[in-house]
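Structures incoming, each one as structure tokens.
The two complexes that follow have subunit A in common; it is paired with subunit B in the first and with subunit C in the second.
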Partner chain A sequence: MTIILTSILFAAGLGVLLAVIIGAAAKAFAVESDPRIETVTDMLPGANCGGCGYAGCADFAKAIVEGRADPSLCPVAPPESAGRIAEYLGITTQEKEKVIAVVRCAGDCAATVRSPYNGVGDCRSAALVAGGGKGCDYGCIGFASCARACPFDAIEMRDGLAVVHPELCVGCGKCVETCPKNLIILAPAAVDVHVYCNSPEKGALKRKVCKTACIACRKCVKAADSEEQMTIKGFLVETNYSSPPLPDLVEKAACPTTALRLATKHAAGAYEGVSK
Partner chain B sequence: MASNVLTITIGAILVNNFVLSKFLGICPFLGVSKKLSTALGMSGAVIFVMTLASLVTSLIYKYILSQTFVVNGTTINLTFLTILVFIVVIAALVQLVEIILQKFSPPLYQALGIFLPLITTNCAVLGAAALNVQAGRGVIESTVFGTCSAIGFALALVLFSSLREKLDLAKVPAPLQGTAIGLITAGILAMVFMGFSGLV
Partner chain C sequence: MSDKPRKFKGGVHPNDSKALSASKAVVNAPLLDKYTVIINQHIGAPLEVVVKKGDVVKKGQLLAKATGFVSVPLHSPTSGTVTALEKCPGPACVSVPSIEITADGNDEWGSPFEPIADWQNAEPAALKQRVSDAGIVGMGGAGFPSHVKLSPTKPVDTLILNGAECEPYLTADHRLMLEQAEDVVLGAAILARILGLKTAVIGVENNKPDAIEALNKVAAKYSVKVQGLRVNYPQGAEKQLIYALTGREVPIGGLPMDVGCVVQNVASAIAVYEAVVKGHPSIERITTVTGEPLVNPGNWRFRIGTPISKALELAGGINVQPAKLLLGGPMMGMAQNSLDVTVMKNTSGILLIPVETVSQYTSEPCIRCGKCVTACPMDILPATISQAVENGRFDWAEQLNVLACIECGSCSYLCPSRRPLNQHFKRAKAEIMAARRKQQKK
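So, the complex of A and B:
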């Protein structure tokens, strides 16, 4: 009986003693932090994508509260959210235009393969071996490095071609860094018309390896409301994002190679691939 | 004494490696070995906590648990409470260390991060304390054993995470992908460490 009582008392005493020590230590060594940091963290999306340039949402919140960062830097949150944070902290914020990623290539697998590649399944590795297996040296390699980097699953691999879903993309720019071909750009989300080709080679050469290459035929430049809306750079036409064309241009221009596409319809699979 | 410490050192790091021959601390061994950087963070935290835990638990064992008291004419020895007391003390110790680190060394606190509270329930830490009692080691020897066991754990973790980083790039047959190939690798690594048996 004495043994049972003593051991119970000893264990209970030990528990109470340790609890008191920890409680006292927590009080004595309490670290004071700005309570606003936690509130701002709650107001951020919590995606921890790093698109703002800080190590996660909590770090970004700290930078906002300390005045080192602007709330609108967050690519994920809608502009109203940045406004709410600014209002809470009593600071001003700039309006920021929403951007989305565009993979400037429409050449999917079958028709464009030049040689088989059996190495590590990563675009950056494949690019080191004669620029990848596809016929076009400037197009999507198709090993999904960008899709794996995307924290929001906004990039789908379709027949070896990376396709961005505009409604899922938040424009954090993680994919831009991963592409060894520099194919991905961040374009204003309000613009839907893009040229899905990145090859600076001559039209005839491009067409030999890819049926959806831009051959700079200028049909879209002529069909546009003003010639400024599409700019020609060598053998490649680009959307002028500072004075963009309206979505109906794609229909009006009737691009013979379907390199000129609407991002939304491209993601929905409305255009035929090269292999079809 | 010196030769005894040397035996403990080599024995704990290589021959009786905690992970690969005693099979203690398998959870963090598989859990935080996907990346070398997190493995290093975990290793640092384990070395820190195991040294401290071995020291404190051996002191408690020597001066409280192994002593006999006379209460109401009955002789009482509290050795049977060893495991229970060690669990509570280690958990409390880790909490305390965390609180103090956060105050006085924020960089170290940041570096150890989530690993420190995770170690609270790591069986390797309790294992080191219990093995010290079993082997009847003194306070200094216990502390050395704790540190060296943790270094052995760190060695296994760093080796394994380096292997896993390489494995990520290798073509693994579909049924073996992920944890399966990880466990096979761990098994082969454990067999490699069997080569050290008989050294001490």
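So, the complex of A and C:
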């Protein structure tokens, strides 16, 4: 009986002693932390994609609270979420335009294969040894490095071509740096008309290796409401994103190679096999 | 220097297949109607083109001039007219700028350089200037400007001529040493004079006894030494060659001059001889056109700008469909996808590989057998590095000294799991160098 009693008393005494030590230590070594950081972290999407440029959502929240970052930098959250964070912290936020990634190539494997490739299935590795198996030096290599980098599964590989789904893409830009051919750009989400070609070669050379290359025939430039809406760079036409054309341009221009496409219809696969 | 060459660590013994073309004497390739000369044939600063479309050029006339120290000029392979300045397929499967020369058939020299017949008494600086003006690069494959290697910033006591030719199938250097032994030795003597040295050593693998004999006949006259080397791939790699001949190890990230050596290819030595004694710029080279699918493999002296399709025609065409076309040897050569790629100053071989020797495989996981580790001549750990690369950890790869890799391919050759080790290292090196450039910009 005494043994049991002694044990209980000893354990209780030890408990009290340790509690006092822990309590004192907690006071002495307390880390000042801003409770707002946790709240802001909860208000962020929690995808930890890194699209804002910080190491995950918690780091970003810390930067916002410390005034080093703007809440609108988060590409994933809707604009009203940034507004809510700003309201909670009593700061002002900038209105940010939503952007999406555009892979400026429409050449799938069927269109442009030149030689079999039997190496590492990664675009950056393939670009080092032979540029993959496709005929065009400037187009999508098709080994899905961008699709693997996408935290939101917004890039689909369709017969060796990376296709962005605009409704899934949040414009974090993770894919942009993985592409060895620098094919991917971040374009305003409000613009739907893009030129799906990146080759600066002459039209005839491009057509030799790809059916869907932009040959700079200027049909779209003429059909646009104003010529400024499409800019010509050498043998390549680009959408002028600061004064973009309306989606009906694609129909009006009737691009002979279907390089001019709507991002939404391109994602839905509406252009397959329509090149003349 | 000991008389017995050392054995460097590792290496492999692939079937050398040199018998296909080793006994075929070098033939001058006939003059073509058209040459498509790739502008940047060297490693270094890109050239500035000095001709325009429609210009009439003579053989040996300057087409593009050097824009920096690590850069060499380009000369016309024949006389004729510049008919196009366009892009053509390059050796790395991307289009590169080129100059198309339509020959007039006269093959007439323009005003080449003044021959320096009395080179024994010429200023070393003048000789070096000639090497640079003549556009001479490392003709063994790398294409690094020769005059840069001849300007060491550290004291040098050994000049090594690389006649190892350890790549299977290739016999261009072999034939060159056999048929132009005296020119090689003279080139070596000129190079030695540029470096202020009395002597040079020519390293030749022991599988070319006739070449060693031919060189030995003339070498003593110019106090050049010929040294037989063990047959072991990659014996012709710069660092392995230096170790075999001198026992010195080039530090990681270092250059041969760090251990007092300069290494030049034997074909480059001949180019030096021709530039100095004859006044000819570097516009031709000996290339082996070989492979089992060819009817008549052999060695030809091609002008730069000769399309591969013409070279294959000279070799009698093919009798069976090949699986692969490589520029260079089977170990380090680059696979091509166009027959319009043209011969460059560093094209040592044009090789067709038959279907049965190219296995279509999928790479399997590493079984940790360690074959790659024993084979690696640079003493790094290919298996571990490749795993780091597969996981995107280029920082680990860097710690494991992937930058020391010479991309000889010995590890990939031996790997029973068929892992693409060499390609992984290429990737890692590219990523690390890109990251360093980014860091420097900041």
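As a working rule, the second predicted complex is superposed on the first by the 241 of 276 C-alpha atoms of A that agree within 3 Å, B and C clash if a C-alpha of one lies under 4 Å from a C-alpha of the other, contacts with A are read in each partner's own complex, and residues count from 1 in each chain.
One rule holds in what follows: a contact is a pair of C-beta atoms (placed from the backbone, for glycine too) under 8 Å apart; a residue touches a chain by one contact, two chains touch by 3 or more.
Small disclaimer: the values here were computed from a predicted structure and weren't measured.
Of the two partner chains placed by superposition, only subunit C is touched by A:Asp137; subunit B is not. Within the superposed three-chain model, A:Ala254 lies out of touch with both subunit B and subunit C [touch as defined at top]. Legend: residue contacts after superposition of the two complexes on their common chain; A:Ile3 is shown touching subunit B, with no touch to subunit C.
By the touch criterion defined above, A:Ile91 lies against neither subunit B nor subunit C after alignment on the C-alpha atoms of chain A. Look at A:Ile22: by the touch rule set out above, it reaches subunit B but stays clear of subunit C.
Touch criterion met: A:Val120 reaches subunit B and subunit C at once. In the superposition on chain A, A:Glu201 makes contact with subunit C only, while subunit B stays out of contact range.
With the contact threshold set out at the top, residues 120, 122 of subunit A are in contact with subunit B in one structure and with subunit C in the other. Of all residues in subunit A, only 114-115, 118-120, 122, 124-125, 128-131, 137, 201, 205 touch subunit C in the complex they form.
Residues 69, 71-72, 74, 76, 78, 80-81, 84-85, 88-89, 92, 95-96, 99-100, 102-104, 106, 169 of subunit B are the ones touching subunit A in the complex. Remark: subunit A residues 2-3, 6-7, 10-11, 14-15, 18, 21-22, 25-26, 29-31, 120, 122 touch subunit B in the complex. Residues 87, 92-95, 334-335, 337, 360-361, 420, 423-424, 426-427, 430-431 of subunit C touch subunit A in their complex.
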